[in-house]
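One chain, chain A, appears in both complexes that follow, with chain B as partner in the first and chain C in the second.
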Partner chain A sequence: MSNAVSALQDAVFKGSVTIKDAGLQGMITLRGDLSSDALAKAVKTATGTAIPETGCINSGKKGAAAWMSPDELLLLVDYAQAETIVAKLDKALAGTHMLASNVSDARAVFTIEGKGIRDVLAKGSPADMSAGTLGINTLRRTRLGQLPVAFWLGSETTATVICFRSVGEHVFNWLSTAAQKGSLPGHYT
Partner chain B sequence: MLLLTCPYCGVEADETELTPGGEAHITRHGAGANDDDFETYLFMRKNPKGVHFERWRHAFGCGKWFHAARCTMTLEVFGTYSGQTFEPPKTLINKIKKKRPDWEGFVK
Partner chain C sequence: MSTRLQNGGRLIDRTKQIEFTWNGKRLQGFQGDTLASALLANNQMLVGRSFKYHRPRGIVAAGPEEPNALMGTGVDGHFEPNQRATTTELYQGLTSHSQNHWPSLEIDIGALNSKLPRFFPAGFYYKTFMYPRAAWKHVFEPIIRKSAGLGKAPTHKDEDTYEYFYAHVDIMIVGGGIAGLAAALTAGKSGASVLLMEQGVSFGGRAITDGVEIDGKPAATWVKATLAALKKMPNVQIRTRMMGAGVYDHGYALGYERLTDHLGPNQNGPRHRLWRIRTKRIVTATGAIERPLSFAGNDIPGVMLAGSLRDYIADYGVSAGDRTVVVTNNDDGYRTAIALHEAGLNVPCIIDPRGDLDGELPQKAIALGIRVENKSAIGKVKGGKRVESVTLCAQAGEGGTLEEIKCDAVAMSGGWSPVVHLWSHCGGKLNWDTDLAMFRPDPSRPPLGADGTGFVIATGTANGHLYSASVLKDAIAAGKQAAKDAGFKATGTVPKASDEKAAPIAAVWSMPQGATYDLKSKTFLDYQNDVKVSDVRLAAQEGFTSVEHAKRYTTLGMATDQGKLSNINGLAVLADSLNKEIPQVGTTTFRPPYHPISFGAIVGDARGELFKPIRKSPIHQWIDDNGGDWEPVADWRRPYCYKQQGETVEQAVTREILNTRENCGLLDASTLGKIIVKGPDAGKFMDMMYTNMMSTLKVGFCRYGLMCTENGFLSDDGVVARLSENTYLCHTTSGGSDRIHAWMEEWLQTEWWDWKVYTANVTEQYAQIAIVGPNARKVLEKLGGMDVSPEALPFMQFRDGKIGGIQARPFRISFSGELSYEIAVPASQGQAFWDMCMEAGAEFGMQPYGTECLHVMRAEKGFIMIGDETDGTVIPQDLGLNWAISKKKEDFLGKRAQQRSHMTDSKRWKLVGLKPVDPQAVIPDGAYATDGTTRPNGVKNMIGRVTSTYFSPTLNHAIAMGLVEHGPDRMGEVIDFPTIGGDIIKAEICDPVFLDKEGARQNV
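Moving on to the complex of A and B:
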């Protein structure tokens, strides 16, 4: 079996904020009826969290569950366990209208650390980055430049950005350019 | 700049995060329809100066289609509502009537 690597292979950029390739991250797209008890139970088993509220991400011991759309969740799990968890979800939700798919290698994940995270993301996204709208653990699906991304803030100084792996390098370079030292407008800091 | 609130995810989305889907509530005449109906379905669109009902897709967000009512002249957004409906909700129509007393009402 080939050696799995993440999109940017642990690249790090240090500017006004630090941008890191988050490494291998297990990710599962789960579609189904989010109001059903069976799905809630399956998500709890897979990630240790409850189904997130609309537009939020719940983190637990084993992983996290992010609300992507009214019928879709993104489960963040251990990379090595992803396939096993997909099989378990298929089994637990068999007979219902659902889909579970391992998308770990189809996405790239970056973490951004520093005080200026809201400013860096606001450079490329039309999303309202103020704390009132984008609180901690609010998942915002939006665009960065012309590319679809999703991001959330784990705290006021850490953000996580997920994008398609095929544009991973571009997004990393884009974020690095946006985070050049002395280039932040300081609108949110 | 047009800001529409997606009724599915509650996000106040910028126009650039959305894909326009044209006029809403069009009756789709398919196989077996007469030529006039089919022509109307394919080509005839309203182009009002004022209240207009439209379809939009939250393309860079949750990906769902929804409906929006807005004024084509002032860009005022009256409201957004679910995509799973054949006509605008009554509450929204009443709201628009209050704001635009001259409006002729929703015509399919």
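Moving on to the complex of A and C:
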């Protein structure tokens, strides 16, 4: 897999915040009964975390689990391990109604670092970005400008944005535009 | 003349001089000036020409209500027309010019129109340009277009940037006067999140200008202390240069923030920011706008609103004239007279139509020795480009001159109208207050939110409270109410303020009362659109009795100021003409935005490369670097062809087709939709979604399938692969991936919610690369890793494995009729795989090909294309695809619809091949076939149409497909396709499969 490349190939933009292509990130769509013990166990094995609460992301030693819908999780795992983990999930949940699919290459992932992350994201997302509503590790499925994205804050100065791979360049450019120096409204800082 | 005073001007900094140009003249102002105050300081009272009569126009107001002083500002990429001088802050190097005149502001040929007002009455356009009909297109419209519009359209691309910002707050407060501040302080103390916005740059509003005292101190002291307290509250945000632009349903509001307009061009960051705000309560503390009085010549430069004239003195240290006549129907106008007097300027007379003048302010004016004439009116203002004098007459009379008073400015006050725009945008209702002569918000009929409660609270002057004591009381109550409604508990004490005892206003809509027609036709209501009292009266006479009709007929209030000064006066005149009360006539509709906002702010960041998101495949950059000639396919870009050195598009396409048929071609098919369908009920689900039987497909096999809407029409097609016992992979068209995934989920979530089926859209997980042509297998064998022999991987099957070290899933499917493998690899390795194929294929004649080559090759094979052969009205049966429609299945989406009589009608146009008699004659796209007869309506009778048409280099012959009435029964018949030029192309109806019907080329 030495010839595998992420959509933006390590692009970086430094403005009022820093935008970075996060590189190759293992991602698995897991659909199933989120209340089942078997699924919880399988997720724990895969990522080291428990099933997240509605609208949240749990991070563990081996990865993270994000709540996408009442019957869907997005598991973040090591890129090289994604196929193997899908196979393990299939095996662990064999006989139950489930779907696990490697979607690592279907997405682009960006990290945003800096004090102004809420201000930057609020330029494009109609979601409430205030700390009371978008707490640390709340996963928000929303849009940024014209495109669907999901994001969460790992801390008050780091955010991760996921979008579809084909529009990764647009989202990166959008973020870079929103993060131009001197352009933050300072609503959240 | 207007000039800068020696002293005063609380908003300007006299130590900071600013140079600017206006109509090419270099002028000076001070930091803190608006363009309007700076122009007045330079004795520039004449600032523009009106729209219809090109009459000279001067500055009337000091705020956003200004109708006249519209300027073009900036140059080239920073040029913007129709900027209000009164809201344009002066900056070093500002370039500006006046509008709507030719050849110059001073000498304007269009002013001839004003000598001919008789020919431009209300409804002039409707009456004049009716006949002859042809003249509209060739004579009238071109001339009107030339003269229309006040400012010039920009000729350069806007160089500034703009953006949106989404904010969620508990309470939004619009207006930074004492009402807004008091409400914000009260709401802020409750702990609610508060966003306070002020359209200007300073707080306190009129209270400071007019010398109000709060808690025994000047208002400015209270404002300063309150601002300081607000700034300490982390839950309160304060924004200046931000206007509340509009209020919409569900507590949604727009704020328009001007970030760099006051600094000039080439600043960091966006010029404007459009705030899209969700809030629980909106408090509008937007103040009031003074009304003009309707007397003859009230549009002559030098006639200004009394309050604004006072603003120029107090805020900018600018006087409008040395001798100012004040005309007012209320006590507030006297403030201006007193302010002028205190500034050492002359007030020859205060003219007041009222009888008793026992209010404190009139008494003070009289005590100062200013001449006051009661029961009086201005007969007319004399002057051309500048006021020269006014005639004094009795208000009760017809305008007979009692005396002529020399002056160079007139300050008029017709009373104040609360700014109810934001209250009204979303349906808040108004009451007419007869005593105060104003429309004010009716608190019992506010705009209602989703929970049925009012979500806008008007307060202060905007709520009809004209005096500071009641303003503050109302504002504290509004702050408390907003906090309470938003779920917080607020307390607050009302600061003490005292006001002069005032005499009541007199509602004066015409001055003098019995003004003659001659005077009325010089009495302007709408300065920008030249609507006069006589025009509104004429409209009423001609039957335009509804205020909305009268508005449109006369264009009253339809200019860029949206009637901020003219609407109330106009509807009062209309009411009088109709002999009705004002509330019976009512107001026109208040619509957002309150004041014009820039197109840039509306567009936000969606311009240039961010205008439209474009989906890019993993091979996009390579294609771009290698001659790809892009065409849009849904949101993707795909190469139409790859142009080599010196080639035309046609030459490239021909080369690609011949090469692929003879050697080997490489196609980026990554854009095809890929949806996984999995679950115990997946087979059942697939049988419903597709017209074919999919549940019988064996694992490892592929099948071409059709999807229809519930109305039976063909919606999408593609190859289905069965990955495992309960897992299918559905390929969709490039444009269909999101739509079909949503379509599947809709059925699963709304109709078949109890079926155990999951779907996942994995379109972008894979790069899909088609290796096509007689040498395709040789290339794959060279790459190695998988057995791709006909035995190991037969036609219409797939296998998983590795090719060239990359995880791959080759599907043996063919859209070209050639030996073909479509290979799915991880998207991140798509480019690597593509490079390998190009390299390995070099010795076998490998060349990339684009979508046109793909199209021609599929047409040679008679394969349909969604969007070409289908248009939303075509069913699979029309296309001869009955073989793909299962007769065994009990049901599938579209089955019932396809049994309707119209769908089974034998006269439906059906798919056939079309072979032009002239082998070189390509039938134009979309051409219709005719049978030589004519329909009763005189139109040629059409019996079919072309759906795909190409020149086939393989066959060296033009080919086409089309839908023709009874087509399949008419093989060999020649039919006519008339072209736009009048020629007829004759084509023979034939089998749509032009090449290799038996499939020998692909089954190798």
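Basically, the second predicted complex is superposed on the first by the 187 of 189 C-alpha atoms of A that agree within 3 Å, B and C clash if a C-alpha of one lies under 4 Å from a C-alpha of the other, contacts with A are read in each partner's own complex, and residues count from 1 in each chain.
FYI, a contact is a pair of C-beta atoms (placed from the backbone, for glycine too) under 8 Å apart; a residue touches a chain by one contact, two chains touch by 3 or more.
Nothing here was measured: the structure is a model prediction, and the numbers come from that model.
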For this session: Go through the superposed model and pick first if A:54 touches only chain B, second if only chain C, both, or neither.
Result: first
Exercise. Looking at the overlay, what does A:70 touch: chain B (first), chain C (second), both, or neither?
Worked result: first
Exercise. Is A:3 touching the first partner chain B, the second partner chain C, both, or neither of them?
Worked result: second
For this session: Check whether chain B or chain C contacts more residues of chain A in the superposed model.
Result: C
Exercise. Of the partners chain B and chain C, which touch A:104 in the superposed model: first, second, both, neither?
Worked result: second
Exercise. Does chain B (first) or chain C (second) touch A:128, or do both, or does neither?
Worked result: both
Problem set entry | Footprint overlap on chain A, where chain B in one structure and chain C in the other make contact | 126-128, 133
Problem set entry | Residues of chain A that touch chain B when the two form their complex | 54-55, 67-70, 72, 126-128, 133, 140-143, 148
Seminar exercise, completed: Per the touch rule, the chain B residues reaching chain A in their complex are 8-14, 16-17, 60-64
Exercise. Which of the residues in chain A come into contact with chain C in the complex?
Worked result: 1, 3-7, 24, 29, 31-32, 71, 83, 97-99, 101-107, 119, 122-130, 133, 145-147, 164-167, 169-170, 173-174, 177-178, 180-183, 185, 187
Exercise. Which of the residues in chain C end up touching chain A in this complex?
Worked result: 161, 163-168, 193, 237, 257, 267-270, 273, 276, 278, 605-606, 609-610, 612-618, 636, 676, 678-680, 756, 758-760, 762-766, 806-807, 826-829, 831-832
